[in-house]
Each structure stands twice: as C-alpha cells, then as structure tokens.
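In the two complexes below, subunit A is the common chain; its partner is subunit B in one and subunit C in the other.
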Partner chain A sequence: MKKYWSVLKITFQEYFVYRLNFILWRFRSFVQLLVLYFLWSAVLPQGTVIFGYDQAKILTYILGTSIIRSFILASRSVDVAGEIGSGDLSNFLLRPISYLKYWFVKDIADKVLNLIFSTIEVSLIFILLRPPIIVQTNPAILFYTLIAIILGIVLYFYLSFLLSLIAFWTPENVWPPRFLAMVIIEFFAGSLFPLDILPAGIFNALRLLPFTYLLFFPLNIYLGKLTVGEIFPGLLISLFWIIVFYQLAKTLFKLGLRNYAAWGR
Partner chain B sequence: MPMTNRQIVKYLRVWFKLATLAFKIDLSNRFTAVFAITGKAVRFLFFLGFLFLLVGRTKTLAGFNLSQVVFFFLTFNLVDILIQFFLRGVYHFRGQIVSGDFDLVLVKPINPLFRSLSERIDVYDLMTLIVLIIYMIIFLSTGQITITLGGVVLYLLLIISSFIIGLAFHIGVMAVGILTTEVDNVIMIYRDLSAMGRVPIDIYQEPLRTFLTIIVPIAVLMTFPAKALMGLLSWPWVVFSFVISGVFLFGSLRFWKYALTQYSSASS
Partner chain C sequence: MLASVKSLFRRQYQEVKAVDGVSFTIDEGELVGFIGPNGAGKTTTLKCLSGLLYPDSGIVSVLGFNPWQRKTEFQKQFALVMGQKNQLWWDLPAMETFILNKEIYEVPNEQFKKTLNELTRLLEVEEILKIQVRKLSLGQRMKCELIAALLHSPKVLFLDEPTIGLDVVMQKKMCDFIKEYNRRYKATIILTSHYMGDVKELCERVIIIDKGKIVFDGKLEEIVEKFAPQKILSVVFSKDFDLRKLEEIGEVEELDFPRAQILVSREASNAAAAELLHHFPVADLNIEEIPIEDVIRQIFSGKKIKSSEE
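So, the complex of A and B:
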C-alpha cells in the first residue's frame, strides 16, 4: 500500500513541475466551462423549454457534465500506450508492482486535482455569472449520484486502459483509434447534450451501452429525473460493464505481453 | 523586404517537399488513416446531427433558419480545417523548443517561422477538406441559401482574411512557446474559443459578442464569411475584417521577432 501512496504523492508533484503549463491547463478548463455556459445560455434563453429542459435544467446538466467529465473522462492511462511503444513498460514488469493498480493510483491523483480545481472554477462562474443552476439537496439522490460517479470513474479507467493496450500490436498507431473512440464515447456519454432528447428507440438502445453511464446517468440522477427503480438497474448495468472491461483489460494485457518485444530497449 | 519570384518558387518547393514527406508518413499505415479520417467525419456528423435536432425543434437560432445555421457550421469547418491543414506544425513546436532542435531550424537558409509552421502537414485534413468542399458545393447548389456571384467572391476573400487571423494566432502561440516553452494548452485555448464559432456569433449576448468580434475576433474568423455569402454583412464590417486581419498579422509578426531575440537554445 505504501508504494502506491508514494506513486500518488509523486504524481501530485509531477503536476506542479511545469507550473505555467498547469495554470494554462486549468485556465483552459475554465474557458471550456465558459464556452459551454454561453453557448447554452444563448441557445435556450430564460423562459423557453426544449425537449423537456428549461434553462436551469440544461445549464445544470451542461455545467455538471463539464465538471464530472473533467474527472471521469480524464485518465492518465493514455500514457500507457507510450510506455508500451517506447519499451518503458519493461521497467514496471521488473518491479514488485501491479501495473493496473499503478495507473489507477495515478488516475486518482489526477482526479483529485481536477475535482479541487473544477470546484474552484465552477464557484467562480457561480459568483460572477449567477447562473440559474439546480442545487440538489436530497441526501439520497446525492448519495446515488456519488455512487454513479465512482462507477463511471472505474468504468472509464478500464475503457481507457483497454484503448492503450492497442500499442502492444501497433505501437506507432495508437492515437487514431483512441481519437475515434473518444469522439464516440464523449458523444454517447452525453457530453454535448442530454441523451434523452434523442428519439426514444435510439435512447433505449444507448442505455444498454456503457457510455451512457459515464456522464448522462450520474447527471440524470442528480437532476432528480430518475426514480430508485430506474437508478438500480442503471447501477447494475454500470457494474456489469466494469466487470466486462476489467476482465478484458486483464486478458488483453496478458496477451499483449506475449507480443511485447520491448522496442527501444 | 518583398520576396522575389525565385524565393517564392523556392518556398513553394520546400512546402511541397515537406507535404510529400508528411503524406508518405501518414499514408504508410492505412489502419491509422482509416481511423483518423473516420474520427474526423464522425465528429463532424455528430455536431451536424445535433444542429438538425436542435434547430429542427426550435425552427430558428438567433433568427437564422436551419439551412443558414448549417451553412455557418460548414464555414466554421472550412476555416478550421484550412488552418489545421496549413499550420499544424504548431503542435510540434514545443518539442523543438524544449529539445533545442529549433537551433537546427534557425541555421537553415529558410525562414524559421515558415519552416516551423510547415513542419507537419496533415493528409487527413486534406482529405476531409476535399469532402467538405464537395458537400458545401452540393449544399449550396440545392438553393437552400440564396447566393450571388459577388457574395461568393466576398466569401472567398473573407475566408482568406480568416486564414490570416488564424495564422496570426498560431504565430502568437509559437512566440509564447519560445518565451515560456508552453504551446499545447495555449493553442487548445484558441481552439476552444474558436469552437464558439460553430454557431453564428449573433446568438451570444453583449458584451460577449463584442469581445468575440474585436478582442478575440472569432466572429470575423468564422461567422463573417458565411454572413457575407448570404448578403447579411454590411460593408463597414467587411472593411473591418480585412483591417483587423492585417493588424493581427502585423502584431503577431512583431511578437514573433521579439520572441526570437529571447530564444535561449535550452537543452542543446
């Protein structure tokens, strides 16, 4: 456990080595939030309702997805592909450390930082612009939202890790498959708009896929749009996909190691 | 000092050589090419679908009908891809600065700004650009938007003006890169802001609209060409577009020259 604690501390320190880079990274997150806020405020002026969403609901959804996106859809495991491609993976294979756990701990550091700074940034937007945001006060709903977010984090970690494992077979061409996967994941996770504005048939099909449980599902719980009877099946589907991706990650990592030639070493 | 014909030919030859090399690299792996192009196409189609869904329901967006909103989005893509295609070298610039490899660019008998901006030319952008232009021609030929020959000429001139503003931003980002070794986040901030131009800037409220027209001229970059083609842009704004692109280019070149004097050749 101690070694993973050290990984966590080192990851934190890494972020602050290039301070300007860090500041600009956070400034960029703030700009992204503002861009979305202004876009949706303009698309849906006060008093209008589209697809069952008024301005308060849509702004809560959009700002909410932006915040949870910054720590659910942000994963350091992107770098796994680089380590496989450069042969740096060999360093880890020789150490008494679980490679999956190592990256999961690095992810936690990343998410903690994102959470802290996202909270500050959203607070700033709240103070400066006073958007009509829905503040959920029901403790049970908040609890279910938290569970859904945690499941979303784990789900995305394995998904992202899996994408990086492509490097075992095609080390020089990792970016394009990841780029395509991210476009699809982000869209079907509901980062652009709430998925329930899609035709019912498409929306129902999407609910069986894992992507919906990354952003749309937690936010829908937060907005109080789901009953307990709808939340539990959602959490179970989420868990099912986590198990599937975990098994896939383990199996593909083992298969990949057989193919691994430690290039560059 | 203005360039001679011989110099122009030399630079064109260098650019084509760099483009050929980049194309050979990009097309050496069809697996990569298929994924990259599909990714770009899917991203485009998703947002287009979203616009159809949204404006199909609201009927108008800030007074613009669905066809007009779609044309604003197509123009945004045209400008964005053009800029990406010609100026993608900026994404590789940080590596040159932190490794000290920029020294090797400086000692070559070619303009270092031109060489750095042309460092990487993306064949996938060229492919998506061709498909987009074909789609735009088909879209305009359906008559959903009334256009005139004068409007088309003005549209093309304003696209050039947009490209100059985009070029100025990229030069500015590279100058910041020399001064601070930070490029990636700065260029992505530009891209995030320019994404506001996926819809007509008119939908935003004041003072944001003025900010996006004068301070960070995303409106000039993305919205004005489309408005000109539709005959919705007044002449003072046309003149303003050309003036501001000149001012931005001049300012960015001065900034670049200053940044070069501060280059410390780190790591080499």
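So, the complex of A and C:
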C-alpha cells in the first residue's frame, strides 16, 4: 500500500510545479460557475416553476451539477490512451505496480486538490451573493449524497479508463469514440436537465443504466427528493455497474496487452 | 499523396515477423552483446524478455519465470533500460523518482541509501539529484535513468543502447560502470549497441541478429574466423618491382607503394607470406585478421559471406 501513498505524494508534487496552471484552471471554473448562476437567475425569476422545479430547486440542480461534475466527470485516466499510444505504458509494465491502481491514486490526488479549491470558491459565492439555493442540513441525506458521489467517481473512473483502452487496438482513433461517449454520458447523466422531466417509461429505463448515477442520482438525493427506499436500490445499481466496469477494465486491459507493441522505442 | 488518400478508403495490412526462431540461453553472470542493424529485432527480443510483448509462439523463460505473466517476484529481480525514453518524472528532480521506485520495489531504507550512494558515486551524479530532470543534459539524464533502474539491485539487466548520445568520455565511464556492475553483483546483462566499441570492450559473447534471425552466437573473436574466410597480408616493400606480379599472391586490396594489402585465404596465408618473402623485396610483413567492424559491416549489409566452415 505504501507504494501508492508514494504515488499520491509525487502527484501532489507535480501539481505544485504546475501551480499557476492549476490556479488558472480553478479560476476558469469559478467564472463558469458565476456565469451559469447569473444566467439562470435571470432566466428564472422568483416564483417560476418549470417541470415541477421551483427557482431554488432548479438553481441548486444546475449549480450542483456544475460543481460535482468537476469531480465526477473528470478523470486523469484520459491520459492512459496517450501512454498506450506512445509506449510510456512500458514503464509501468516493467515495475511491480498495478496500472489501474496507479491511475486511481492519481485521480484521488486530483480530486483532493480540486475539492479544497472548490470549497473555497463555493463559500465565496455564498458569502458574496447569498444565492437562493437549497442548503441540505439533514446529516443522513448529506451522508447518502456523499456515498453516491464517491460511487459516481469510481464508476466514471472505470468508464473513462475503458474508453482509453481503445488505444490498444487503434491508437489513432481514440478521440472520436471518447467524444461520442461523452455526449451520451453527459446527456444521460443529467448534466443538461433533470432527467425526471422525461416520460416515466424512459426515465425508469434510464435508472437501470449506469449514467444517471453519475450526476442526477447524487443531486436528487441532496435535494431530498428520494426516500431511503429509493436511495438504497440506486446505490446497489451503481455498485453493480462499478463491478461490471471494473471486471471489463481488467479483462480488456489484459487482452489489450496482447496487442500492445510497446511502440516508440 | 495519392497513397495516403487511397489509405482513407482501403487500408492494406501486412503481417511482418519481427523475430523468428530466435533461440538462445544465457548463464548467470554472463555479459552478452546483442548486435544487429536497425530494425533487426534486437529491441523486440528484449521486449519479449521483459514481458512487454506477447510472443505469438515460442517459450521465453527468465530466472525461471515467464516474463509475460509479470509476476512481482520476477519484476523485482530485473530491469530494462532503454536509451530513448525515460521513466524519470520530467518536472521533478530525479531524486523523487528514486524515492518512488524505492517504494514500488519495496527496497528497505538501509539498502536504498547504500545502493544510491554507491551508484551516484560510481556515475558521478551527486550534485544533480535535486535538479529538475528537464534541466539535465542527455548524458546526465541517461545516468539518472540507469540509477532509477538499478535501485532495486536487479540480477538480470537488459540495456538497450545505454551509451546512445553520450560523449566519448561518458561512453567510457558508462562502459566501466556496466563492467563493474556485472562483476560486483554477478549480474546477468544483455546489452544492445550500435557502437562496436562498447561491445568489444564489454562482451565476451556476442549474438548477432539480422532480419529477425540469429546469424551468429558465440565468442567475439570467433566472428572473424567464421565470417571472414580471408586474412590480410600487410606488406611494406623495400624497392620498386613489377607490381602486377602481386596478383599471383592474392587479391590486392590496397596498393599505395611501398605499402600493399593483399587478401589471401585463411589456410593459404602462411604459404603466401613465405612466397612473398622469397620472391619480393619485402621490408616488413604482417599477417592480420580483417577488423571485426568490417566483418560485421559486411554481415549487416547483407553481402554473401562464405562461411569458412562450408
């Protein structure tokens, strides 16, 4: 386990080398959040209700997705495709370290840093703008939300890792499938609108797929729209998909290695 | 241009055998040179031995392990160093990669300190360990690469072009270091290089590979015997004479009076030398082997070489 702790440390060190880069990146997402906030509070004056969401709820949903998507729908494992294509993967294959765990640890480092900064940013918005947003205070609900977010992070990690493995078979065609997958994932994860405004039949089918558990599900828990009887099956379904993607990632990685040519050397 | 447009619609794939029927056994503590022209299959073979490539057929066994399975116990005992690319973290000082490798290979603290001290002293890099890797020169980086690969004291070492891009002084130091490592740790080393100099200095045994096949496997000196059926008579004459007569002795390779080089067959070299001494105004005479570089160049350039055994 100590080796992965070391990976965590060295990843932090690398971020500090690129501190300006990181701070600018955070500044960009901060501005984005502000723009989103001002846009939607102008579009939805107080008292409007759309799709059964009042202003506070829809604002919470939109700002909430924007914040948690920067944690969940963001994984450093996009770089895996590059490492396969360039042959840098060899460095890891030679050493007694698990490549999957290595990237997961790098993701943790990334998330810890982003969490610190985004807490500061959100606090700033609250102090300065006092937005009409739903603040969940029920500790049980907050706990379930946290669990759902963590599951979402793990789920997306494997999904993104899987998309990178395409590079084993066609290193020059990694981006088109990823773009396509991202459009689908974002849509069905509910980053554009709350998914429960869709017809019930479609919505129920979507609930069996992994994507809703990335954004829509944790936010819905946070908004207090789900009962415990609805939360648990949801957590189980996302756990099920994590296991599926984990097995897939492991199997495809093994298969891919047979195709790997350790290029570029 | 036309071909690349065509490849948009229909791509043709061709199966190429990178290595074919390459079989060899290396004993513990041996230092073997692996040479061949560009694209001969040297690196491919090393990649198979390291478990990076999955061999479509055949058996690979290193230290009793199948490298492809990438078992931890195996990986802790070997290292592959490639001259071209790095495992060092580009944006951090080399020391950070060393510490990471210490943890990855689970090297105990004491041993780590001892090995690191030894390696940095032998390679003379004490002062650059705290400098960002991107700021190091190629030679400095190469040395740090080597240290990163050796911190876990591997018993088996594959070196792919370890002296690439180094100046002559560094090249010599690197060679001395490899020799010392082989001696001190009784490590088994396979080395590929484009510089015959490296191989000549380091390796007793040489494997020559060309177009994916082994052409020669044996002692370095035997290459000349096997592939060069001729010897060189190197003569200096004392006075003028009818130079055309030299053709009777053998193939005149070079003639720059009073010096001449004559190629004669290996078996006839003594007789030819005696003939020269008797019938020509000879001031000095030497029987020499064809330089190994020339022999290997001939092998690489694909010239038909008559093996002396045939």
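Convention: the second predicted complex is superposed on the first by the 265 of 265 C-alpha atoms of A that agree within 3 Å, B and C clash if a C-alpha of one lies under 4 Å from a C-alpha of the other, contacts with A are read in each partner's own complex, and residues count from 1 in each chain.
Here is the rule we go by: a contact is a pair of C-beta atoms (placed from the backbone, for glycine too) under 8 Å apart; a residue touches a chain by one contact, two chains touch by 3 or more.
On a predicted model such as this, the values are computed, not experimentally measured, just so you know.
Trainee: Can A:Ala261 be said to touch subunit B (first), subunit C (second), both, or neither?
Mentor: second
Trainee: According to the stated criteria, A:Leu94 is in contact with first (subunit B), second (subunit C), both, or neither; which is it?
Mentor: Second partner only.
Trainee: Which partner chains sit in contact with A:Lys2 here, subunit B, subunit C, both or neither? Use first/second/both/neither.
Mentor: The answer is second: A:Lys2 touches subunit C but not subunit B.
Trainee: Does the superposition put A:Asn21 against subunit B (first), subunit C (second), both, or neither?
Mentor: first
Trainee: With the two structures laid over each other on chain A, which partner does A:Phe232 touch: subunit B (first), subunit C (second), both, or neither?
Mentor: Neither partner.
Trainee: Report for A:Phe240: first if it touches subunit B alone, second if subunit C alone, otherwise both or neither.
Mentor: A:Phe240 sits against neither subunit B nor subunit C.
Trainee: First (subunit B), second (subunit C), both or neither: which does A:Phe143 touch?
Mentor: A:Phe143: touches no partner chain.
Trainee: Between subunit B (first) and subunit C (second), which, if any, makes contact with A:Leu192: first, second, both or neither?
Mentor: In the superposition, A:Leu192 touches subunit B alone.
Trainee: Answer with first, second, both or neither: which of subunit B and subunit C does A:Ile10 touch in the superposed model?
Mentor: It touches subunit C, and subunit B stays clear.
Trainee: Based on the A-chain superposition described above, do subunit B and subunit C contact any of the same residues on subunit A, and if so which?
Mentor: The answer is residues 18 of subunit A.
Trainee: Spell out the part of subunit A that touches subunit B in their complex, as residue ranges.
Mentor: 18, 20-21, 24-25, 27-28, 31-32, 35, 38-39, 41-43, 50-51, 170, 172-173, 175-177, 179-180, 183-184, 187, 192-193, 197-198
Trainee: For subunit C, which residues are in contact with subunit A within the complex?
Mentor: Per the touch definition, subunit C meets subunit A at residues 43, 47, 50-54, 70, 72, 75-76, 79-80, 82, 84-85, 87, 89, 91-92, 96-97, 99-106, 132, 160.
Trainee: In the complex, go through subunit B and note every residue touching subunit A.
Mentor: Touch residues, subunit B against subunit A: 29, 31-36, 38-39, 42-43, 46-47, 50, 53-54, 57-58, 61-62, 180-182, 184-186, 188-189, 192-193, 195-196, 199, 203-205, 208.
Trainee: Help me check something: in the complex, which residues belonging to subunit A touch subunit C?
Mentor: On the subunit A side, the touching residues are 2-3, 5-7, 10, 13-14, 17-18, 87-88, 90-91, 93-97, 257-258, 260-262, 264-265.
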